[in-house]
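What follows is a set of structures for review.
Each of the next two complexes has subunit A plus one other chain: subunit B in the first, subunit C in the second.
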Partner chain A sequence: MQRLWDWFDERLHLAPLWDVLQENLRKPSPRHVNWLFTMGSALLLLLGVQLLTGVLLMVYYKPSGREAFASVEAIMYEVPLGGLTRSAHNWGSHLIVIMALLHMFRVFFYGGYKKPRELTWIIGVGLLAVILGFGFTGYLLPWDQVAYWGTVVATEAPASIPVVGPITREFMIGGNEVADATLGRFYVVHVFLLPLALMGMVGLHLFLIRYQGISSLRRTDEPEPTPAQNLADGGKPFFPHHFLKDSATIYVTLGVLVTLALLYPAHIGTPADPLSTPAGIKPEWYFLPAYQLLKYVPEVVGVNMPPLLLLILVLMPLAIDTSPERHPGRRPRVVTGWIVTSVLILGLGILGHLSETTRMVLGTAYHFDVKGMPHVVEITDGEGQD
Partner chain B sequence: MRWLLLLGLVLPWSAGAQDMGDVPPGQVPIDDVWCTVCHYQEGDEFALSVHYQRGLLLCDDCHGGDPLEPDPEMAKAPDTGFIGKPARSGIADICARCHSGPAEFFALGPHADPANPDNPSCITCHQNHLVVDATLALMDTACAFCHVGDAAVVAQVELIQATLHEAEQRLYAVESRFDSLQGIDAGLRRSRGMLVGAGAVLRQIDPRTHALDINLMDELITAFDEEAEAVGDVLDESEGARQRRRWAVGGVWLFVAANVTLLWLKRRQV
Partner chain C sequence: MSDSPPSGPTRRWVNALLGLGVVGTITGFAGSAFAYLWPAPGGAGSEFLVGKDGLLRAEDIGPDGSVVGRSRLGKILVVRRRDGLVGLTATCTHLGCTVAWNGANGQVECPCHGARYNLHGEVLNGPAREPLTIVSVTVEPDGIRVRPQLQG
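Presenting the complex of A and B:
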C-alpha cells in the first residue's frame, strides 16, 4: 500500500493535499454539534443507494410505452434480487424526502444558513428541488395506471399558467398528451440530467460545509470561533468523533431502508391505459399539499405556490431572516412563521390524503369529499377504508 | 289475484331478481312481448327468469313465432318458425342449443330415453318459464319428487353433492388464502391465472352432474385438485419467502447493532 502511495505521490505530489485533508477532517466542530447533525450524512448515504439501485434498474428497464411496464414486472419477479433493488429504490425515494426535510428543519432551527453560509443553504434548497424532481419524473417510469394518470393530472396543472402554460406543458410531456414521448423525456431527466445536477450540487454543498466548517451558535456579527476556540470550548475533532456518529446513523438508516424494502416490497398496478381513468388518482405524499391546494385556490395561484415556496426558502437568509441572531428563541417571528407554514403544509397534505376516501373515525363512517371535508355516511357490508 | 299468488310462490327463488318493471340491459320490455297478452302467467314467470333478466332469450327462441308482432295470426305464421308447445322428445334438443354440455351428459345418464314417459326432461327439474340459476340444492327437491324413500338414489345424490361441495370448499379455501396473501405479496397477481384455471376446471364438472355418475366427475375432480395444489404450492412459496425476508431483516439489524456497538466502543477509546 505504501509503495502504491509513493508511486502516486512521486508523480502527483499528493502529500501536501493529504495534509490539508487531514487537517480539515480533524478540525474541531463546535460543542453543540450533536446527533441531529448526522442527518446530512444519512441523506448522502440514501442518495448513494439511489444511484446504485438506479444504475442496477437501468440495466433491465426499457423506457418505452410498450415495454416499460413489462420490464418493471420482469425486474420485480424474474431478475435475481430485482424486487429488492426496486423496493430499495422506491423506499429510498421516500426516505430521502423525509431526511432532506428533517435536515432542512435542523439547519433552520440552528440558524445554520445565516451569513456566511447562505450559499450552502441555497444549494441545499436547489438539492431539495432536484430531489422532488427525481420523485416527479420517477413516478411515471413504471408506466402503470397510477403512474400514468398521476402524471396526466400533475402535468395538466402547469398548462393554466398564463401565456407560457400550454407551451411549458407541451415541452414537458413532448406533445399534447402523456405518451411515449413523455416517458422518454422523463427518463432522460431522471437518469441523466438530474443525477448530473445532483452530483455537482452535492459536491459543492459538501465542499462548502467542510471549507467553512459547521456553524456556531454565535451571532453573525460576532467573529466565528477558530478551531482552537472550538476545541477549548469542548468541541471535538470531526474525525473521528463526529465521523463515528455519522457512521452509526448511516448504519441505522441502512437498516431501516432494507427492513422496509424486505417487508413492504414495492408493488406495481395494472398497465397504463390512456382510455380508462381509474378512480382516486393521487400524487406521491410529498406532492399532496400542492395537489390539495389546487382544489381551494385558482389553478394559476396553486401552480405557482410550490416554486414560490422554494423562492422563499432561497430568500430566507438573504432577505427574510436577516437578524444576526442564530438561536431560535431570539428570532421568534421567523420561527413562528416557519412553524405555522409547516403546519399549514402538513394540514394540506393530510386533507389531500383523506380527500375522496371513506374512513371509520371513532366508530363513525365519514366520507371525505374532494376538499377533504368529512360527511357522515351509512356504511354497508363490503365497504370500508379506501 | 292469481298473479299475486304466483309471485308469492316464486319470490323465495327469485331473491335478488329485479322488479318486473325494470328492463334488463339488452332486453325488450316484457310489456312489448305480445305473447304475454294471452299467456300472461307464462309471461310473468318468464320475466323473473335468468333467461329474461340476463337479456338472453325471448319466447321465439324456444317456441318460434314473432313475439314482437301484435297480430296473433302473423305472430304465429308458418314463416316465423312457430312450433307452439315443444314436443316432450324435443325439449332436450331445444335446451341443448345453448346448454350443450349438460345435454351431452344427460344423454349418458339414467334418464336419457325421451320415449319413456317416466323419465324427466330438462324442464322437470329446471322448470320451463321460471328458470333460475341451478345449485346442488336443486337435487334435493327435484330427485325426491320421483324417488321418495329410494335409499340408493338418495345415497347417490348425497355422494355427488358432497363431492362437489367439498371441491367447492377447497376452492374457496385456496381463494381466501390467495386473497389474503396477495395483500402482502403483490407478485401473486401473476399467479391468479392458475387460480382462475382451477375454478374453471371445477365449473367443467357442472354439466357432468346431469349424467348422475360420480365416475364421470372423478377425472375432473382429480384435475381440479392438482391445479388447486399447484396454487397452494405458489402460496407456500410466497409465505416461505416472506418468512425468509423476516429472518433477513433480523440479520440486518444484528449487523447494524454489531457495527453501532463497535463504533460506540471505538468512540469511547478516542
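Presenting the complex of A and C:
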C-alpha cells in the first residue's frame, strides 16, 4: 500500500493535498451543530441512490411511445429485483424533495445563508430547481395515462406566457402535443443533462461548505470564529464526531427508503391514450400547490408563480433577509413571512390533494369540488372514498 | 524580444477578428444544435376521423354517444344527437386535456380542471375561457369527414 502511495506521490506530489484534506476533516464545527445538520448528507446519499437505480433502470427502459410502457412493465414484473429497483427510484425521488425542503428550512432558520455564504445558498436553490426538473421529466417516462396527462397539463401551462409561451412549449415537447418526440427529449434531459448539472452543482456546493466551514450563530457584522475559537467554545472536529452523526442519518434514511420501496411498491397504470383523458389527473405531490393555483388564477399568473418563488429564494440573503442577525427570534418579519408563505403553499397542496374526491369526515360524506371546496353528499351502498 | 504582448491598432484588429471568430464558431454550433432540435412539421393528417384502431365510422357512435378521433384539424369530438352528428375540437382550451361528452347532462366536460362547454362550444363553466371550435361533420362511405365550419 505504501509503495502504491509512494508511486503516486512521486509523480503527483500528493502530500500537500493530503495535508489539506486532513486539516479540513479535523476542522472543528461550531458547538451548535447538531443532528439537524446531517440532512445534507442524507440528501447526498439519496442522490447517489437515484444515480445508481437510474442507471440500472436505463439498462432495460426503452424511451419510445410504443415501447416505454411495456419496458417499465417488464422491469417491474420480469427483471429480477426490477420492481424493487423501480420502487427505490420512485421513493427516492419523493424523499429527495422532502429532505431538500427540510434542509432548506434548517438553513433558513439558522440564518446559515447569510454573508458570506450567499453563493452556497444560491447554488442550493439551483439544486432544488434541478431536483424538481428531475421530478418533472421523470414523471413522463413510464408513459402511462397519469404520466401522459400530467405532462400534457404541465407543459400546456407555459404556453399561456405571452409571445414566447407557445414557441417555448413547442420546442420543449418537440411538436404540437405530447408524443414520442417529447419522451425522447425528456429522457435525454432526465438521464444526461440534469445529472450533469446536478453533479457540477453538488460538487461546488460541497466545496463551498467545506471551504467556508459551517456558519456560526454570530451576527454577520461580527468576525467569524476561527477553528481554534470553535474548539475552545466546545465545538468538535468534523471527523469523527459529525461524520458519525452523518453516517447514522445516512443509514436511517437508507432504511426508510428500502422499507418504503418494499412495503409500498411503485405501480403503473394503463398505457397512455392521447384520445382519452381519465378523471382526476394530478401531478406529483410537490407540484400540487402549483396545480391547484392554476384553478383559481389566470394561467399566466399560475405558471409564473413557481419560478417567482425560486427567484425569491435566491434573493433571500441578497435583498430580503439582509439584517445582520441570524437568530430566528431576532428577524421576526422574515420568519413570519416564510412561515405564512409555507402554510399557504401547504394549504394549496392539501386543497389540490382533496379536490375532485369524495371523503368521509367524522361520519359525513363530502365531495371536494375542483377548487377543493367541500359539499355534503349522500353516499349510496358500494360507493366509497375516491 | 519583449515579453509583453504586442499592442497597437493592428494587434487590436487581430484580437477583435479572433474574438469574432470564436463567437462565430460557438454561434454556429449552438445554432446547428437549435435547428436540429426544432420540431419537424407534423404530417398533414386525414380529413377522416381516425381512432386508436383505425378509421372511425358513424356506426361506432350509439344514440347520444360520442367518439374522439384525430384528423387534419387535430383531435375532434363527434356527438350523436337526434338531429345528426355534431363535431367540436376535443382539446380543452384551458390546459389541453381531451374533453368528453356527458350524455347525462348534455354537456362537454374536461376531466382535468372541470371546464364545461355546451354543444355550440361555448364555455358554461371555467376555468376555460375560450370556446371549443365547431367543425363540419359529414358521414361518407369511407368514414366520418371533418372540415372547418364555414363562417356565416
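Everything below uses one rule, namely that the second predicted complex is superposed on the first by the 386 of 386 C-alpha atoms of A that agree within 3 Å, B and C clash if a C-alpha of one lies under 4 Å from a C-alpha of the other, contacts with A are read in each partner's own complex, and residues count from 1 in each chain.
Criterion: a contact is a pair of C-beta atoms (placed from the backbone, for glycine too) under 8 Å apart; a residue touches a chain by one contact, two chains touch by 3 or more.
Keep in mind the model is a prediction, meaning the values are calculated, not measured.
Student: Which partner chains sit in contact with A:Ile281 here, subunit B, subunit C, both or neither? Use first/second/both/neither.
Tutor: The second partner, subunit C, only.
Student: Based on the superposed arrangement, let me know which partner A:Val314 touches: subunit B (first), subunit C (second), both, or neither?
Tutor: neither
Student: For A:Leu95, using the defined touch cut-off, is the partner it touches subunit B, subunit C, both, or neither? Pick first, second, both or neither.
Tutor: In the superposed model, A:Leu95 contacts neither subunit B nor subunit C.
Student: Classify the contacts of A:Tyr77 with the two partner chains as first (subunit B alone), second (subunit C alone), both, or neither.
Tutor: A:Tyr77 sits against subunit B, while subunit C stays out of touch.
Student: Does subunit A have more residues touched by subunit B or by subunit C?
Tutor: After superposing on chain A, more of subunit A is contacted by C.
Student: Tell me which partner A:Ile268 touches in the superposition: subunit B (first), subunit C (second), both or neither.
Tutor: It touches subunit B, and subunit C stays clear.
Student: Identify the partner contact of A:Pro240: answer first if only subunit B is touched, second if only subunit C is, both if each is, neither if none is.
Tutor: first
Student: Where on subunit C is subunit A touching in the complex?
Tutor: Contact set of subunit C toward subunit A: 37-40, 42, 51-52, 68-70, 74-75, 90, 94-100, 110-114, 127.
Student: If you look only at subunit B, which of its residues touch subunit A in the complex?
Tutor: 185-187, 190, 245-246, 248-249, 252-253, 255-256, 259-260, 263-264, 266-267, 270
Student: Which positions of subunit A touch subunit B when the two form their complex?
Tutor: Listed in rising order, the residues of subunit A that touch subunit B are 73, 76-77, 83, 240-241, 244-245, 247-248, 251-252, 254-255, 258-259, 262-263, 265, 267-268.
Student: Note which residues of subunit A are touching subunit C in the complex, please.
Tutor: Residues 149, 152-153, 155-157, 170-171, 173-177, 181, 185, 273-281, 294-295, 299, 356, 369-370.
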